[in-house]
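Remarks on the structure that follows.
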Amino acid sequence: MDALLHQVLAGLATGGIYASLALALVMIYQATHLVNFAQGEMAMFTTYIAWSLIEAGMPYWAAFILTVLTAFMLGVLIERLIIRPVGQAPVLAVVVVFIALLLILNSVTGWIYTYTIKTFPSPFPAQPLFGNRYLSSHELGAIGITLVVLLLLYAFFRFTPLGLAMRAAAQNPESSRLVGIRVGWMLALGWGLAAAIGSIGGMMVAPIVYLDPNMMSGVLLYAFAAALVGGIDNPMGAVIGGFLVGVLENVLGAFVIGNELKLSVALVIIIGVLLVRPSGFFGRVQVSRV
Amino acid sequence: MKALLVGVMTAALAVPAMAQKKYDAGADDKEIKIGNTNPYSGPASAYGQIGKAIAAYFKMVNDQGGVNGRKINFVSYDDSYSPPKTVEMARKLVEQDQVLFLFQTLGTPSNTAIQKYMNTMKVPQLYVATGATKWNDPKNFHWTMGWQPNYQTEGRIYAKHILATKPNAKIGILYQNDDYGKDYLKGMEDGLGDKAKTMIVSKVSYEVSDPTVDSQIVQLQASGADTFFNITTPKFAAQAIRKAYDIGWKPVHYLNNVSISVGSVLTPAGLDKSVGLITAAYLKEPTDARWASDKGLEPFREFMKKYLPDANIADNFNIYGYTVGATLVQALKQCGNELTHENIMRQSANLKNLRLDTLLPGIVITTAPTDYAPIEAVQLQRFNGKQWELFGDVMTSQ
Amino acid sequence: MSRKTLVLAIVLLIVACALPFVVSNYRTFQFTLVLVYAIALLGLNILTGYNGQISLGHGAFYALGAYCTAILMDRWGVPYWATIPVAGAVCLGAGFLFGLPALRLEGLYLALATFALGVATPQLLKYHLLEKWTGGVQGIVIMKPAPPFGLPLNPDQWLYFFTLAIAAVMFILGWNLIRGRIGRALVAIRDQHIAAEAMGIHNALYKSLAFGVSAMFTGVAGALGAVAVQFVAPDSFNIFLSIVLLVGIVVGGLASISGALYGALFIQFIPNIADEISKAAPWAIFGAFMIGFVYLMPTGVAGAVRLLTARRKAP
């Protein structure tokens, strides 16, 4: 029983990693109706920026805030300079550009920072809460931060006019322009926010898995799965999806099918869920006019 | 007339008795062309540092005059750790670039893919950068030779140690799910012999693409193991060491040689959490305090400062590249002016007790026509919180 | 097919036949790989370009074909030419079977499912219960086929012609498929699937068939690739292969037969060029090339060629 509990809690910790990247994926989807394959690498790259700042002597929270702002600007820049020119191209062409971004970011980071792993500091105390052996304070803190970001995001989209404008711009660019929404800037804003969320995720993840250029490569599939299984247009669904995927992965790997088939089981679960609920558990069912 | 005859004879005698100059494609009076493939891109690109270290080493050798007056022209291509790409690049090096031989091609599947080709073309596939056991097979593959102590040997040595010190141990193993991990695993299982089935209580794998191995460590603790064989690459080794400590699991911990760096594995994991780790080593570890004032390592430190200033000296790959480069230079020196495929193989298989300063004391490089394993000895060492302490004798798998 | 295209195709074929005699063995080997990728890209294009079903996991079918060939040749001594149709048949079935549950998945969700398939492939190939056949992480080494009937060709040239012949057959097959009823049905399903269903096209059947046929093409390519490289190992078939195939059809030109050839040239030679330019960050250069191609030719090289020829024809 103890082993099961332990695996579940460890699963929640890894699930937090998936959830934070899934949130960024949902963010970008809500803004642009595209899935950004380079999200993980952007998060990783911005985390390296934070690392450089901290190495240079900046205190943690100052570096944190500066990194989030830098990530935001980076996201806006990428949208304006790289994504905007291919706006008219078929969807798959844009996907190829995302893939190219992934390759470029991964390669350039490895070149600048080398592949030796680096420790990334955590703002949370080193002692585990109540001295428990299951979850470190950082892992708990990271889950907490992910939930806070989720709440902020939810509030932003639901209750602010800007959030509404962004959703409108993604759903129906033509009508949005007619009511005066600057669609182009909405897209850029979406990218900026997604990059910022990604950077927070990266800075939460790095203390657990250590910082290296391939930190996020394995996470992408699970984050993607979490986002879709939870409902690609629902931030809360993405977070719940992330935790679900983390726990399932651990429990199945430890007790049911062994680690050698974990990925294949992930595949089967994804297909299974999507067959039963094609829009994900919490997604809004898409109804399209014929 | 007599003076002319004497003059001619003197002139004839004065011509220095030069060694026969024989060249195969890739060598001439001025240079030796060497080919290599390394993963400079892709998920294994961390290993690409070996290629960079070797290139820097040869640059240093060239700056110091080269080998027997010839400069080394080191041509290295990226294969992204993908065997089809390795095949393509190997063919390019041999057929188009006309290199004299391939050196330190990296990766077990990559080298397996080109082994038959190299032996058919009768071009040396020298000192391959993998610890698989199959490279010591001179009878079937005359042109292929390994270099580092192979993984199975190391696994067997740990097994021997366990049997000698803790015969009732319950062993848990974490291994990377690829040829490297499985080779170590086989070494340990073979070393334990019949007792493998009863002693190994849990074998857990992970993929390179997994974000963390925390779940696997939890599984191992739950299995009741009190001895842990940790077959992981640096990032995962650091995660494993830290997690084991955090969940209060204190097994007798054997760490594989690939991840022994104090600077790039133990420090991130936490030096206090790494106390008691046991490993087998053959290279000196530059960030280890015990070698801090070692005279033998001074040339290496100079080399790092001058030729690899942006690299991390804690990264084992640098001293690895330096040492294997030095091994090759010795073999090439022995070739003299006869730079043919056959002679390269002959001299590479003719290293007698070669002693290099970057190797641990007591470890030498020896090869023979029936012995294609240059380094077969390792020394066990234990981490005391500050540095690795050697203990026991230099061991081989026998 | 217009006379012009027919003439162009024949000229191309003649050039292709002459190639191995003017370039080195190494280049012949590279061009053999180009042909292999072209077949694979044609397969992916049938599914994604013409039928609109995004697949990020076609590397799995490539791997399936490659392993079919390797296992048949290594464990059962089947001659290499006989393994190709078997690989094709197995992949046809596998693709069709995968296409059935995929029917319920649209766009993004299908992309995810195929992405998961692509990621899971190496792990499946390493699975210890299958190790007896797949050779596990060590892979399988394959013998190089020798030219038959004592033809005056060396093995590389023979392999090239063998691959060329099969490529020609596959391209004609694909072209026939696309130009005919089935092709039109596929495109109709892609563009207006509800109208297509209303017009009597059995969506489910055609979509699953598209998956099966597409997998068959890619599987044949995988089989030929295995024979050319003479080695299969799980790590040769990771997610990067699937991603590169997708990049290939986009850069070459979606929904285009010639696009398969352009794409194959891109994914075979550009990484080498990137490596020459920068050893420190070769992927970055490759990515830069990809972005460049997509900017200049958003509809792919085939699309750009079409535009150029149309412009020249217009008065």
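When the chains are written out, they are named A, B and C in that same order, and each has its own residue count from 1.
As a convention for this text, a contact is a pair of C-beta atoms (placed from the backbone, for glycine too) under 8 Å apart; a residue touches a chain by one contact, two chains touch by 3 or more.
Everything numeric in this text was worked out from a predicted model, so none of it was measured.
Between A-B and A-C, more C-beta contact pairs are found at A-C. Taking each chain's centre as the mean of its CA atoms, B is the chain most distant from subunit C. Rounded to a whole number, the gap between the C-alpha centres of subunit B and subunit C is 37 angstrom. With centres defined as mean CA coordinates, subunit B is found 38 Å away from subunit A. Averaged Cα coordinates give subunit A a centre that lies 32 Å from the centre of subunit C. Contact with two or more other chains is made by residues 107, 110, 260, 262-263 of subunit A. Within subunit B, contacts with two or more other chains are made by residues 41, 43, 177, 207, 209. Residues of subunit C in contact with at least two other chains: 119, 123, 126, 280-283, 286. Considering their complex, residues 40-43, 76-78, 80-85, 87-88, 91-92, 95-96, 108-109, 112-113, 115-117, 177-179, 182, 207, 209 of subunit B touch subunit C. Within the complex formed with subunit B, the subunit A residues making contact are 2-3, 6-7, 10-11, 13-14, 17, 107, 110, 114-119, 128, 133-134, 136, 205, 208-210, 212-215, 217-219, 222, 249-250, 253-254, 259-260, 262-263. Contacts from subunit C toward subunit A in the complex involve residues 48, 54, 101, 104-106, 108-109, 111-113, 115-117, 119-120, 123-124, 126-128, 194, 243, 246-247, 249-251, 254, 280-284, 286-288, 290-291, 294-295, 298-299. By the touch rule above, subunit A contacts subunit C in their complex via residues 35, 82, 85-86, 88-90, 92-93, 95-97, 99-104, 106-108, 110-111, 221, 224-225, 228, 232, 260-264, 266-267, 270-271, 274-275, 278, 290. Taken in their complex, subunit B has these residues touching subunit A: 41, 43, 45-46, 48-49, 177, 204-212, 214-216, 218-219, 222, 234-235, 238-239, 246-248, 264-265, 267-268, 310-312, 314-315.
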